[in-house]
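Same chain, two partners: subunit A is paired with subunit B first, then with subunit C.
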Partner chain A sequence: MRTGLPVSLVIVVALLAALPLAFTANTMLNFLTFVMIVTLAAQGWNLLAGFGGQFSFGHAAFFGMGAYAMAILQVRYGINAWLALPLAMALGAVVGFFLGFLSFRAQLRGSYFALVTLAFAEVFRILANASSFTNGAAGILVPLKTSAADFQFADRRWFYWVALAFVALVLALTYHISRTRFGAHLVAVRENEEAARALGVDAFRTKLKAITLSGAITATAGCLYTQKFLYIDANLAFGPWISVEALLAPIIGGMGTVLGPLAGAMMLLGLGEVTKSLFAMLLGGSIPGVDLVVFGVLLILCVAFAPQGVMGAIKRFSSRGAP
Partner chain B sequence: MLKLDIFLSALANGLLTGAVYALIALGLTLIYGVLHIINFAHGATLTLAMFAVFVMHSAFKIDPYIAIFMLTPLFFGVGYLLQRLVINPASHGDDSNILLVTLGLSIIFENGLLAIFRSDTRSIDVPYGFDVIEVGNLFLSTPKVIAFVAAFAVAAALWLLLARTDTGKAIRAVAKEKTGAALCGMDVEHIYAVTFGLGTACLAIAACLLMPTFLVNPRIGNAFVLVAFTIVVLGGMGSIGGALAGGLIIGVVESLSGLYFGESLGQIGIFLIFLIVLLFRPTGLFGAKA
Partner chain C sequence: MSTLLTCENVTKRFGGLLAVDNASLTVEAGSITGLIGPNGAGKTTLFTMISGFAEPTSGRVMFEGRDITALPAHIRAAQGIARTFQIVQPFAGLSVHENIAVGAYLRHAGRTEAMDKAEAVAREVGLDAMLAQPAGALTVAGRKRLELARALATEPRLLLLDEVLAGLNPSEIRDMIPVLQAIRSRGVTILIVEHVMQAVMQLCDTVYVLAQGRMIASGAPGEVAHDQGVVEAYLGHGAARKMQAHHEAKS
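Moving on, here comes the complex of A and B:
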């Protein structure tokens, strides 16, 4: 298992990189790119909640910070997109640190922590919707400058590959963390915080480190979203949809596993597309919300019957197969 | 003098709306106090109840105040079955699982309503919708005054039920010590489901009281869910008196900050109270236990 994982990571990334060569339709490339963006947001959530056990219901706070920072730095301050990206990521980390410092200092856990993160996301959403700095409800349009130097690509495949590169980096980072002392501390805090403390783990520091990293990773997803769609508004950036998808993907794929968020995002969004087109075919015309109803059912079924997600099922299956 | 009038009418309006908020929070705090779980689907269930009122009025011409007597038992049943058949079996008794399952329920309700009714905002047209009662210089909306009185009546009834009946005694026993209650022969699962049903029934009443003056769309629950959580946190988790006081306070805060800072920032005031209380005084203003 220990040596098996990096090999399987490389294989998965190589397969994903080869996908655009097989599927060249624009809709397919857009879908794959969107999967990568959601995966990245979900990887951020997975680090904090899957490994660290701190369930956030408001990862939109980080996603939206990244997305807005990316747009505002370019449009308002004329900063190049490639420079705006690390700045936006840093802002995500700062927001993560700030939020984590406040809530972990106040000893908030479980549902309280979930509610506080949700409230922060809502406060940001209302502020972004009302403030003139973020252009209010009208949102921000990033001007079209199709050149790689401006982080916009004429060829959709390139954007996909860049997004995949970020996902691959975070896969490697997550794998690395899962093997370090920090990763072990994180899992210890998840399993039993008191026991971890008694063994000398600085739980506050460990959680703070995790939420800071998590904020940066999920903010990166927001940056990619802005660059892909060149438009952002308060409901896209800080709306509950991304908080929900960021937590659903790892839960379905397997919380606290390296590949879980990727597997979950693939299945979740794939299933969403299938449901949407199925209903559109059956009833003629698109029905809003049906894909999310399916997500909700899936969430309950996963919690009830597959607490380890798909990766857990695979692990169980493969360990049974190979003695 | 005009300024004072505006202030007083905002204050009165805040108190009237706050009573309905308190009723919503009452259901949430009851479920928390007994089951020790946070019901994340509370707001979406309220939306469901509001749409039920809307459908009953527009399809069958049933007045919302009459609908109270049909929807309250119906939603008690819905809550009972949800806890018994979905939440309890799916969550294996784990707190974060309960949170996720109720989140799943709220996603299903909200988007199911979106798929059926689309995102249009709807309201019902009742003949007394714009009636007012004159108190001194103040004009108070009649449906809101009715809602205020009814909300307190429901709170009193709930208190009587908990304090004076056998079921109430059982609920309090299970809330205090569930293993002990089970050893004394109480059906803990049943009591949990009854409590969840009561909390959900509060929502049906609140929906009937709200609809004559409010509007509804599939996303409206989001606005209520954080308000309800704020009230519960402010009043102290699980405290009925706290929920009532918290509801009135939040109603006034929303109304006054709406008056001075404008509609959209009025909501911010509520969230800031929520964050400040949770981060700096997690036991609430009236709560004693952590």
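Moving on, here comes the complex of A and C:
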């Protein structure tokens, strides 16, 4: 099982890479790309909360920082998108470090930490909505250039593959971390911070490292969002929707597992999409928010029947099958 | 013998309660030193100050001649002080092997080395058959061994054991005593809080007695057991008779 994980990662990524060859409809490609963006945001959350046990309700703070930085650096400062990307990621890391430094120095844990992250994201949302620097409530439109040199692609498949490449990189990174000293420390802090400290773990540093990395990863998702839709405003970038999806996906998929965020995002968004179109077909019109109902039902089912998420259920199933 | 650890006039106040009151103690390198006393005497509180989980209200803690009073717990662990918890604190979601590896990572950066070290420690304390089990599934005796194993995996010079024998049955205690003696004989100094008197008598070179936060006696286990003050303050008449009998049987 353990030695098989790198193999299954490669298989999963290869299958995902092959999907656009089978499904060529634009709506399908858009959907798959969106799944990759949410997966990336969720992978950031999973590193901090799934592995490190520090639950954030405000990953929109990082996502939005990435999204806005990407837009502003291009539109306001004329910086090339490929150069804006690492800058925006670094900014996400800085926000993570700063937020982590303040909250972990103050020994915030559990729901207190979660509330502070939520407050951070909300403050960013309100500021972005009000400030002229971010173009206020009007939002920012990134000019259409449709060239790979500007991180825009005429062919939707290419954007999907780029997004998938980022997800694959973070899958590999997460797998690598899970097998290092840092990964062991992170999990130890999640399980029992006191005991970890007694064994020489610098809990503050460990958590700070995790939230910095987490901020960078989720900011990358924001960057991709900006490049995909070429428009952002405060509610898209810093809104609670992404905080919720970034945490629901790993919870449903399996917190603290390498593949959990991807499995969860697929399931969450897939079922949401299916329900939306079902209702549209049956009633002849869409019901806004019906996918949120699906999210809620999924969460309840998960908590009740698969507390370790999809990956946990698979693991239990396969270990029961094995002799 | 040289002195490894010294507590100098250590006091810990919780609001109006003096949990530890001007207590001093020395641990010689290579020894097994006992710390005994009735419930609520302040033994665990003294341990938390030696291991860096709480700062004393006043007084100093010296380790290998350096003042470590203000150092955080993880730095003290790196300097060679490891503790176990009276109320066991396993990483319940991890396997026994991974639990011990967290300790081993302190001196081994690589995964292979840390996992190998963890396995060796598990063998030493008799947990090797349970390496793959989740820590949450262990019995009380197993959890106590796991506490010991994790602490040992940090390769400490001073091992603080807080009632690692509590909750074990007599045969499990008999199994543990040689394990502790073996740990000492390979150079690890041990400071042990223990209510199981038979074990204290068998293991310790020196015993300190804490009662209501104050250090009321110290000396060889046999002497301390005969100390009238200790008998009055701590042991109670039944226990005193038992120990007397034990002592006479030995000599």
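FYI, the second predicted complex is superposed on the first by the 323 of 323 C-alpha atoms of A that agree within 3 Å, B and C clash if a C-alpha of one lies under 4 Å from a C-alpha of the other, contacts with A are read in each partner's own complex, and residues count from 1 in each chain.
We take it that a residue touches a chain if its C-beta (ideal position, glycine included) is under 8 Å from a C-beta of that chain, and two chains touch if they have at least 3 such contacts.
For clarity, every value in this text was computed on a predicted model and none was experimentally measured.
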Touching partner for A:145 - first (subunit B), second (subunit C), both, neither: neither
Touched partner set for A:57, first subunit B, second subunit C, both or neither: first
Touched partner set for A:76, first subunit B, second subunit C, both or neither: neither
Which of subunit B and subunit C A:287 touches, first, second, both or neither: first
Partner chain(s) touched by A:316 [first = subunit B, second = subunit C, both, neither]: neither
Touched partner set for A:123, first subunit B, second subunit C, both or neither: first
Touching partner for A:176 - first (subunit B), second (subunit C), both, neither: neither
Overlap of subunit C and subunit B interfaces on subunit A (superposed complexes): none
Touching residues (chain side subunit A, partner subunit C) in the complex: 179-181, 184-185, 187-188, 190-192, 194-203
In the complex with subunit A, residue positions of subunit C that touch it: 51, 53, 72-74, 77-78, 82-83, 85, 89-94, 98, 101-103, 105-106, 109-111, 114, 150-151, 153-154
List of subunit B residues in touch with subunit A within their complex: 37-38, 40, 86, 89-92, 95-97, 99-101, 103-108, 110-115, 118-119, 218, 222, 226, 229, 233, 264-265, 267-268, 271-272, 274-275, 278-280, 282
Interface residues, subunit A side, partner subunit B - complex: 53, 55, 57, 102-103, 105-108, 110-112, 114-116, 118-120, 122-123, 126-127, 129-130, 240, 244, 247, 251, 287-290, 292-293, 295-300, 303-304, 307
